[in-house]
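You will see subunit A twice below: alongside subunit B first, and alongside subunit C after that.
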Partner chain A sequence: MKAHLALSLATASLWHRRKVLALVCLTLTLSVTLLLGIQYLRTEVKQSFTSTISDTDLIIGARSGQLNLLLYTVFHIGDATNNIRWSTFQELKQDTRIDWLIPISLGDSYKGFRVVGTDKGFGEHFRFGRGQPLVLAKGQWFSGVFDVVLGAGVARTLNHSIDDEIVLSHGGGRTSFSNHKDTPFTVTGILEATGTPVDQAVYISLQGMEAMHVGWESGVARPGRTLTPEQAEGREFTPGAITAVFAGLDRKILTFRVQRDLNQYTGEPLSAILPGVALSELWRLMSQFEQALLGITGFVVITSLIGLIAVLLTLQTQRAHEIAILRATGASPGLIASLYLIECLALAVVACLISLGLSAFAISMLGPWVLTNYGIQIQLRPLNLEEWALLTSVPLAALLAALVPAFSAWRQSRSQGFGSPGEM
Partner chain B sequence: MLSNKHLVLPITLALVSTRVMAAENPGSHQHGHAEMQLAFADNQVEIQLMSPAGNMLGFEHHPRTPEQHQIEERVTNWLGENPLVNTLESTCQIQATTIQHEVAGGHDHDGHSHGDPNQHADITVTQILTCPGLAKSASLTTPLTVRFPALEHLDIAWAGPDGQGATHMGQGESSFRFGR
Partner chain C sequence: MNSQSESSAHSSEYVPAALEVKNLTFCWDSQHPPLAFPDLSLPRGEHLFLHGPSGTGKSTFLSLLAGMLPPATGTIRLLGTDIHQLGAGKRDRFRADHIGVIFQQFNLVPYLTALANVTLPCRLSQRRKAATGETPTLAAHELLTALAIPESHWQRKVTRLSIGQQQRIAAARALIGAPEIILADEPTSALDSDNRDRFIDLLLTMAEERNTSVLFVSHDRSLARHFHHQLELGQVPA
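And now, the complex of A and B:
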């Protein structure tokens, strides 16, 4: 009966002061949205980051550290220390434990974007996210020697469309004075956005990579030695070396065994890395930044709760009449204190609910835009345990914060001297 | 087909030199640090643990005193009887264990040199486990960091049908989350 009375009184009181409390609720909602949003983003970005490449069991390259190999093959950051021989690639193909291989040849660029020489296996076997395949938004994969497929980011930034002719540059860098002018490539396909570094590269065949380098053995084009597209068509080009290989195994349980065998390969020094393991290591390097971000948001919520206490204490003076009437009608100091607790809890719960709805709406509306423009994949999904814990901590913290005005109200009510001396 | 009997090779019988291939550098050897690799398939786990022998035995040479022989025997028995990882419900059963004691890369540090009788040595333990209910587990436990207090850092990497990942455990930590 007492609880029912407290609830009905609290509801009536809240409704009476709805304008001021709506503002308090708005502040709290924004803080909770920020807290929840950052935690959600953190989980999504981590998921997106650690799923930059999936279903690829091993990345094989020349001997180097795992992060270096990962960075230059997957993220297109940095350069390979050495290449691996084409004969090694052929030998890897004979390994019955390996299901598929994707050769990767790097070294050239197009207006600052990496050129990746590969084969059709890239389109067939490369996976990202939760095993999603690459999908062409327009056109088709390369079939001719001088066909090129553009990542979504490249096509958008440089405003390219199908059948555009592009000239690739020799070596890396945004501005290059060594261009493969004699062998222009034709855009045959544009990939859908993936939110991974795939979007920021252009893809050509290994044959195309070899053909445009005929006559470039000394690092610059030797006049008369380079090929024209007509001369190149119909000719067979076999690379002497490639930069790295992505490998998929038949049985995942063999991953570490194949890795150990490749790391002890006698033909040439190789490094085989597990991309998922290397990505986890790389993410761990950034964990301090991640924690700092979460800490800052926590402070925002604390500041907001302190603001809530301040507002409630300020309103307390305005509520002197209300409290006096309640006391005169027989409300105990305990009941009056509980009104403050209920109010605070109600405000926090409403703020959390609005914040949930607001976040879900923002993610579903902005997710595709963020993917297209910033290459970050954010999907609407149920909250995980950590996020629920964070969200429920807000009403609990609000309840704790409400103890300050509640205690103050309780003390004032007692001093008003209504009721029996022994009442709480 | 794997035998259900434990295949435990006494450490001293398997004292071999680390293979140094033409294109290979000596392996690293860092006291207090170990690596564990877990490969999953359904309810089966293949484990390889690589650790400096000192982390587990407290010494890296052949056992000389009766106490050292006892320590070696105790550790060998423990490794043969205890799964290196387990589900939270402790459902894992050992199918096979091999223990190999190898002379470390032959490098020189902390005053040790080539040919030194106190040369560094590594222990490599492989275990094959069957763990009913593994597919539903989001966390695994390991008794290693508690059983061997000298093991201060344990790097764990895993690979399976649901993906790959890595984590890091410190002294006294006994469980880790893994997203396979």
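And now, the complex of A and C:
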């Protein structure tokens, strides 16, 4: 009966003071939304990050560390230590355990974006996210030597459309002085946004890659030796070397054996890595930062809880008459104290519920925008255990914080006299 | 001596006084001289007017009687029970069960309706809830009707009612569940003289119907004529 009385009194009291408390509740709501949002984004960004590449069982490159190989093949960060001979690639093709191969040839750039030389297999076999294939938003995959397909980010940033002519640069960097200006490429296709580094690159055929480098053997164009597009038509180009290979296996169970065989390949020193393993290792490196971010947000929540307590303590002086009435009518100091606990807990729960709704709304509204502008895929999903734990910790912390005004009310009401305090 | 066993042993032939005070003194701290209060004994169902100019410790006396402040010396027996022998929790429960209170002003919980303010004691005390006979809400309806609070005001926020109405609602709260004792601390000081007399008449009549003793404190001696007994505060040397 007393619990019921305390609950109904606390509810009525909260409603009575709703104007003041709404502001405190708003502060708490915003900070909880921030906390929940950051935790949610952490999970989503990690998910988005670790699903940068999927269904690829092995990435094969010249001998190097697994992070380095991952960074330059998947994230287009840094440079390859060495190349793989074309003959090695041909030999891999003969391996019956391997289902498909995607050759990757790097080294050039287009206005700061990487140029990736590959073949039709890239469009067919490359998967990201939860096994999603690449989809062309417009046009088609390259068929001619000087055809180029743009990633969504490149097309949006540079405002390119189908049939635009572009000139690729030799080597990396945003401003390159040696351009392949004799061999302009024509945009034949633009990819849909994927939220992965695929968006930030342009794709040409291995033949195109070879054709534009004819006459560039010394690293600069030798006048008269480069090809014109007309000369290139009808010629066969065979690359001498490629940078790396993405491989998919027939039977996943053989992954480790194939990896070991490749690492011990006698033709030349190779490294084969499992992209999933390398990605999680890379994520571990970055998790320091997000931990710090979460910590800061935690402090924001604590700050707003302190604000809540300050307001409750201030309201306590206003409540002196009401406490006097309740005490004189026979309410125990415990009942008075429990009012503060219930009110604080209720405010925190309301704040949590509102911030849940607010977060869900924000994510569903901003998700597509974030994907197209920042290339991060954020979807609405049920909260995981960690996020629930974080969310429930807020009312618990509020309850803990409410002990301050509750204890002070308990102590005051124990020495409460008859009638209003101070006029005894 | 255990006062409770004493009262129950005599329960068949002896009805303990509603209020019995002996040798009562109170001390705020060592800086102040102790306050002394007159001995008194008020039989059940009779009313006492306690006159005291301000500064004579009226509110302190009521705090002592309600068991909300501990006395320095002396005993207070309410219905035969020495309330300061009870533990804090039992004292709170005793107050909820047996005492109705009316203050000078600010009598009502601001966030409850008039009706909820009246039924509040029944929610704090099973005994007073049971004593209403029917449901507390019905009893509150009767009291509010008898005290001439229009029905349209029952569900209203109490802060929007006049002072006179607020004091009558406080009286209804004190009366509900027929407590044996009502402690009233200058409840009429904010009312005009017509309202004052009507309020006291109503309160005392309804208290008599319930065999409730009213202890009424005021500095206005002209009100004393309504009561069976009267007493001066602040004449006993410490």
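Note that in this section the second predicted complex is superposed on the first by the 416 of 424 C-alpha atoms of A that agree within 3 Å, B and C clash if a C-alpha of one lies under 4 Å from a C-alpha of the other, contacts with A are read in each partner's own complex, and residues count from 1 in each chain.
Note that in this section contacts are C-beta pairs under 8 Å (C-beta built on N, C-alpha and C of every residue); 3 or more make two chains touch, one makes a residue touch a chain.
Nothing here was measured: the structure is a model prediction, and the numbers come from that model.
Engineer: Given the touch rule stated above, what does A:R414 touch, subunit B (first), subunit C (second), both, or neither?
Structural biologist: The answer is second: A:R414 touches subunit C but not subunit B.
Engineer: Which of the two partners, first being subunit B and second being subunit C, lies in contact with A:A12: first, second, both, or neither?
Structural biologist: Once the two structures are laid over each other on A, A:A12 reaches subunit C alone.
Engineer: Per the contact definition in the header, classify A:S143: touching subunit B only (first), subunit C only (second), both, or neither.
Structural biologist: A:S143 sits against neither subunit B nor subunit C.
Engineer: One more residue to check, A:E281. First (subunit B), second (subunit C), both or neither?
Structural biologist: Touch partner of A:E281: subunit B, not subunit C.
Engineer: For A:S332, select first, second, both or neither according to whether it touches subunit B, subunit C, the two together, or no partner.
Structural biologist: second
Engineer: Of the partners subunit B and subunit C, which touch A:I253 in the superposed model: first, second, both, neither?
Structural biologist: first
Engineer: Touching A:P269, do we find subunit B (first), subunit C (second), both, or neither?
Structural biologist: The answer is first: A:P269 touches subunit B but not subunit C.
Engineer: Taking the superposition on A as described, I'd like to know which of subunit B and subunit C A:Q90 touches: first, second, both or neither.
Structural biologist: Neither: A:Q90 stays clear of subunit B and subunit C.
Engineer: On subunit A, which stretch or stretches are contacted by subunit B in one complex as well as by subunit C in the other?
Structural biologist: No residue sits in both footprints.
Engineer: Show which residues of subunit A lie in contact with subunit C when the two form their complex.
Structural biologist: Within the complex, subunit A touches subunit C at residues 1-2, 5, 9, 12-13, 15-17, 321-322, 324-333, 414-420, 423-424.
Engineer: Per the contact definition, I'd like the list of subunit C residues that touch subunit A in the complex.
Structural biologist: Per the touch definition, subunit C meets subunit A at residues 59-60, 62-63, 65-66, 68-69, 88-89, 92-97, 99, 101, 103-104, 106-112, 116, 120-121, 123-126, 173, 183, 185.
Engineer: Of all residues in subunit A, which touch subunit B in the complex?
Structural biologist: 50, 54, 57, 63, 251-257, 263-270, 274-277, 280-281, 284
Engineer: Flag every residue of subunit B that touches subunit A in the complex, lowest number first.
Structural biologist: Going through subunit B, the ones touching subunit A are 19, 21-24, 37, 39-41, 44, 46, 48, 157-161, 163-168.
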